[in-house]
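First the structure, in the form of structure tokens, and then the observations on it.
Labels for the chains are A, B, C and D, by order of writing; each one numbers its residues from 1.
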Amino acid sequence: MSHLSRDNSKLISRLRRIKGQVEGVERALEADADCAEVLRQIASIRGAMTGLTNEVFEEHLRSHVVDAADDTAREQGAEEMIQILKSYLK
Amino acid sequence: MSHLSRDNSKLISRLRRIKGQVEGVERALEADADCAEVLRQIASIRGAMTGLTNEVFEEHLRSHVVDAADDTAREQGAEEMIQILKSYLK
Amino acid sequence: MSHLSRDNSKLISRLRRIKGQVEGVERALEADADCAEVLRQIASIRGAMTGLTNEVFEEHLRSHVVDAADDTAREQGAEEMIQILKSYLK
Amino acid sequence: MSHLSRDNSKLISRLRRIKGQVEGVERALEADADCAEVLRQIASIRGAMTGLTNEVFEEHLRSHVVDAADDTAREQGAEEMIQILKSYLK
């Protein structure tokens, strides 16, 4: 069982709210809403996604680096984190 | 009827794919997937959201600034775009 | 003379402050400062760069789109803005 | 002596190139360059800053988390990284 499990229900709740926000944009587009409003809704989803991202990064850092089983696992968890971080920071 | 209508179906298709990706992350979390995998999926959603954002910005710029009905409307569309842009570029 | 001229002195002042901040990081690195401190300084430079970016985008939108000489110039200014925006939003 | 020292000369070289790029934008503004060109130069500086940021994050993760002296130091290095990361991912 993965380390994410203990916090998974919290993350899943966040994700369902994000899905609800995505459906909100879908409805806004179907109703021909003004694009300024659509852009504000998308900005809000980006913010929610970023909050989720930070939580998962924190989880990864704690479980795969700080609490890694041994030095080899820790080195691997850190390397993986650096690689993923590069796809976020650009 | 809003200017978004002509391209709405394309944007709605993009948004449905994004919703599908969000559901994919939800399933990954429910299945206790590794967080590196979850982070990669989230990065992919961010990319898709950014593509959508660029399209809506382009629509806004064309409809509310370039093709604005008159100078007052154009000035207002530009001001609105600057304000929204500030919430994206940070 | 370019449209940027009227605001150039303000932008140049901003840029000189940014250069001063970059020199601050250089000194911090030469003095073997802690990397957490270095990362905070870099975050501050990113914020200053983003403020500058928003000002130049606003200038571009006003001068090359809103106040464009004619429809052809306006279309071209908008197209240019969209292309550059794509390199910022990612 | 801080852990950054071993790689400091490489980071300082990167930073000097960034300072040169900032001076390039300064000259462009003084010469009334087109703002599209200015925006492209700023985008290039952002890219260089991001490369530097990734290197310093990697250094921090290796020195203060992976190779931390003990568990308390490791926990503290991880906490610090999470806090700083939040100011970058937004």
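By our rule, contacts are C-beta pairs under 8 Å (C-beta built on N, C-alpha and C of every residue); 3 or more make two chains touch, one makes a residue touch a chain.
Because the structure is a prediction, the values reported are computed rather than measured.
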Centre-to-centre distance between chain D and chain A (centres being mean Cα positions), rounded to whole Å: 23
Centre-of-Cα separation between chain B and chain A, whole angstrom: 17
Where chain A and chain C are represented by their mean Cα positions, the distance between them in whole Å: 28
Chain D: positions in contact with at least two other chains: 53, 57, 88, 90
Pairwise touch network: line, ring, star, complete, or other: ring
Chains that touch, pairwise: A-B, A-D, B-C, C-D
For the chain C and chain B complex, residues of the former touching the latter: 47, 50, 53-54, 57-58, 61-62, 65-66, 74-75, 78, 81-82, 85-86, 88-90
Residues of chain D touching chain C in the complex: 1-5, 8, 11-12, 15-16, 18-19, 22-23, 25-26, 29-30, 32-36, 38-40, 42-43, 45-46, 49, 52-53, 56-57, 59-60, 63-64, 80, 84, 87-88
